[in-house]
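Here is the structure we will look at, set down as structure tokens.
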Amino acid sequence: MKKMPFDPERTIIRLYDVSKYFGETDALVNVTFDVCRNEFFFISGPSGAGKSTLMKLLYLEEHMSSGYAIVDGMNLARIRRNQVPMLRRRLGIVFQDYKLIPNKSVFDNVGLVLEVAGIRSRKTVRDRVMDVLEKVGMADRHDAFPPTLSGGEQQRVAVARAMVGNPSLILADEPTASLDPEAAEMIFDLLVSAHSEGTTIVITTHDRYLLSKGCTGSIYLKKGQCEGPDGACR
Amino acid sequence: MKKMPFDPERTIIRLYDVSKYFGETDALVNVTFDVCRNEFFFISGPSGAGKSTLMKLLYLEEHMSSGYAIVDGMNLARIRRNQVPMLRRRLGIVFQDYKLIPNKSVFDNVGLVLEVAGIRSRKTVRDRVMDVLEKVGMADRHDAFPPTLSGGEQQRVAVARAMVGNPSLILADEPTASLDPEAAEMIFDLLVSAHSEGTTIVITTHDRYLLSKGCTGSIYLKKGQCEGPDGACR
Amino acid sequence: MKDTIRRGAADFLNYKYLHGICVITIALSVFVISAFGLFLINAGDLMVSWKKGIRIIAYLEPGADEETRDLIIGEMETYPEVAGVEYVSSGEALDWLKEEIGRQTALLEGLTDNPLPDAVEVSLSGDIDGADAISSLAARMEGLDGVADVEYARKWIERFGGIYNLFRLTSMILIGLIVSAVMMIVANTIRLILYSRIDEIKITRIIGADDAFIKYPLYFEGMMLGFLGGLAGLVLLYAAFFITVPQLSSAGLLVYFQVRFLPWNLVLLILLISMTVGWIGCYFSIRRFLRF
Amino acid sequence: MKDTIRRGAADFLNYKYLHGICVITIALSVFVISAFGLFLINAGDLMVSWKKGIRIIAYLEPGADEETRDLIIGEMETYPEVAGVEYVSSGEALDWLKEEIGRQTALLEGLTDNPLPDAVEVSLSGDIDGADAISSLAARMEGLDGVADVEYARKWIERFGGIYNLFRLTSMILIGLIVSAVMMIVANTIRLILYSRIDEIKITRIIGADDAFIKYPLYFEGMMLGFLGGLAGLVLLYAAFFITVPQLSSAGLLVYFQVRFLPWNLVLLILLISMTVGWIGCYFSIRRFLRF
């Protein structure tokens, strides 16, 4: 694997020789790949392959053990503590375990992203939140609290939260795992339409159906390693 | 729908005209069906249909608003408070959100079921827990804590916990949602083999693949109602 | 039982952060209460030492013989409120009076005849209580054969007794209030800790645990928390005591009486109470959490 | 700023159970401290009323004329430690002595000539401090023209001063210890509450909130908790005070002095301190939780 010339206009994510160890567990081993702007990128692999870990490295919930990574122009190995929130605000993240705040309503959970981003106008927040909740089919439950939602409903709220800020990069960790095929299709279509508006999408999934749908690039992880032609990632 | 004669030797679950309302939400409306002993029973339906709510009624995390239900010979409407643990100990439950205790190791999480059931021999506990962890492919992570596991790994531990007590009835709420097809197949095969040893299995799922596999009975829920030929459940 | 303890102990280690904070809170609570108790005990000692300074003088009838005098002294020595009995002859009394009057002794210089009677001076033990007890003692002494008259500082004693009673009563009310406030604080802390563990409790119940399975290890943990917290609080107090007291001494403040630490039985009582509070805190908090 | 307060207030309502417990804990803590403070203030008043009972007597030179006497009295009245000055003629002094000696007045009955000098009796204001100050006052009085001699209960005052100093010092140490212990308890409680909210904090950070976004509403909440807790604690104390004091009065324990509640400025100070403690508790706890 040669290090390719880096063009920040073209490449939104670059991982070079990235490894992550948890004690004796090798969650990721020498992973190298690029994601271009406006790609629709799949990460697949069996349970425990390191998909979520890879995502966590990208939004810095975890720090890589070795290697070199750039996300949206920021070098993750050298990023300063106060730059981390700036990076995260540029991303829209769907967490595998949703990470909804149980004491806040669906509306407030989604709206929090906008508050964090510094949007103070109550009306703007209200319009945008209700709009995205409408899209995921949860507008009528906007004042419910997450523990009273079904698994699939929580997942749809998590997707709404990732999309509400119109991020340039969406990282979605199994965004359709708890959804029935129809709802999954709806969410997928949402991501597709965001993609068509210029957003880069990175999805981990093991949904055969999703994988059969179009994407512009993908990697397959297994036991932390890329499996591809001659060990290369893509 | 006629009320059929009830034979506790034959019928392990009977729901008759069961409804469940959460405030204004109708989670279940007039659901009536029987599950026979040693059935392999599927409950399917879209997100928010009421599948998990139905499960919760069966193990009494929620109480039905109206109707009549019998689980393993116990009348849920009349059960006394101190009988609830007895009922639950006869069930093996896989929760949609896993419900693993974060401060306990995988081993202790699974072993807790046996402790609760009054098994005091350390050796018996150890053997049975390691055996079932082996079956779900998590034996090597027995001393890990749930927050350090991947989503699929947590789900497999949840399945192991449901099976460790050799219950006569397993209620599994989307037990393969976070699993890749191979792992899902493994878990499904495990349930099939428990079934072949006489266990009754009730699974909620929207996994097309699972649904295509054999089952001895199923219902399809939508907005809390059974959808079947002329509104009947099965 | 063995199993309960095993599980309780395992859990105890499982929540180091929470339990650490709880032990600290209990320790500080026990410290506050027992520091206050220590203060009151020593203030009580101080009061007792003041009371010991009270003297009652019984004047004997003029010309009472030695036998009568010994009888009177013997009788007075049997009174439990009496710490010591001393005979004061009329000559000694005059010397004492001269000293008392101070610089105006000129006044008494002209006297050749001692007009004072012989007397018996009684000092009190510390455990006499209140002005009434003293006046009843005085009345008893006055009733003895051969005693002409009894004199003591009635006014001063009444005033002192009033103040002492006020001090004792208010400090009792105060310690009562403080103890209940602190117990509620400890119960609240335990409640918060159980609240942090509510998911674990819910999960354990839903996989089939009955109330006993959940409660007893938690009771054990509550008692352990109480015990460790109590111990730590007392150790803290002991340390503070041994830093402070020598400094009070060297500042010359402890010349009139001895400061002492809490007596052993009180130390044990405090440990017992803090264990009980740990248990009770658990007991009432769990009831709330077992409703799910 | 407005936004911080809005979010803080919203959160405040969002965690009713946790915040309820926290407010109760702070209220009880403030109650304990301020009850103890109230106790000390009144004990201090008692001490002052005792000190006011001290008398210094200056004997005038025999045959001092009225002018000298007025000069002396005028001079003494300028001393800040002096509350009142009273002239006692030799006749009054003899009456007083007779009363003092009590039943043995027989002793003085034979006197036709009054050997006592005229005197001036000085009573002290409450803010004189310690035996040394009193003896220096006495020395100053003795140095005045026309004063022959000064007399006061030196021994008694020394002993009393020692005890008073001991009481004051130990109660100061005690209140220092109690205040720090209780502050740590409050900080611990806030820590537990933040611990219960750790998931929320983690999630908020991971969706891009910077430290300021998380911290400032929590600071506001901490201050609100401190304020409400402090207020509740003081109300509690006030209630306890108004239940207790009339009972003390009717039990006849308050004849010698007036019990008073905490002064207004102390009440405000307590509120301020409890707000500060709420804020500081948040401040230090958050640092730990922002490390994630």
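Residue numbering begins at 1 within each chain, and the chains themselves are lettered A, B, C and D in the order written.
Criterion: a contact is a pair of C-beta atoms (placed from the backbone, for glycine too) under 8 Å apart; a residue touches a chain by one contact, two chains touch by 3 or more.
These numbers come from a predicted model, not from an experiment.
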| item | value |
| --- | --- |
| Third chains touching both chain C and chain A | B, D |
| Farthest chain (mean CA position) relative to chain B | D |
| Rounded Å distance between chain A and chain B, as computed from the means of their C-alpha atoms | 31 |
| Distance between the centres, which are taken as Cα means, of chain D and chain C, whole angstrom | 22 |
| Chain B and chain D: spacing of chain centres that average the CA atoms, whole Å | 67 |
| Centroid spacing, where centroids are CA-atom means, of chain A and chain D in whole angstrom | 62 |
| Multi-chain contact residues (two or more partners), chain A | none |
| Shared interface positions of chain C, touching two or more other chains | none |
| Arrangement of touching chains [line / ring / star / complete / other] | ring |
| Each pair of chains that touches, named by its two labels | A-B, A-D, B-C, C-D |
| Chain A residues within the chain B interface of the complex | 22, 44-48, 51-53, 96-97, 148-153, 155-156, 174, 177-183, 206, 208-209 |
| Interface residues, chain C side, partner chain D - complex | 17-18, 21, 24-25, 28-29, 31-32, 35-36, 39, 42-43, 46, 59, 97, 101-104, 106-108, 111, 115-116, 149, 151, 159, 162-163, 165-167, 169-171, 173-174, 177-178, 181-182, 184-185, 188-189, 191-193, 195-196, 240, 244, 248, 251-256 |
| Chain B partner contacts - residues on chain C that touch it in the complex | 3, 7, 14-15, 199-200, 203-211, 213 |
| Residue ranges of chain B in contact with chain C within the complex | 59, 61, 82, 85-86, 88-89, 91, 93, 95, 99-104, 112-113, 115-117, 120, 161 |
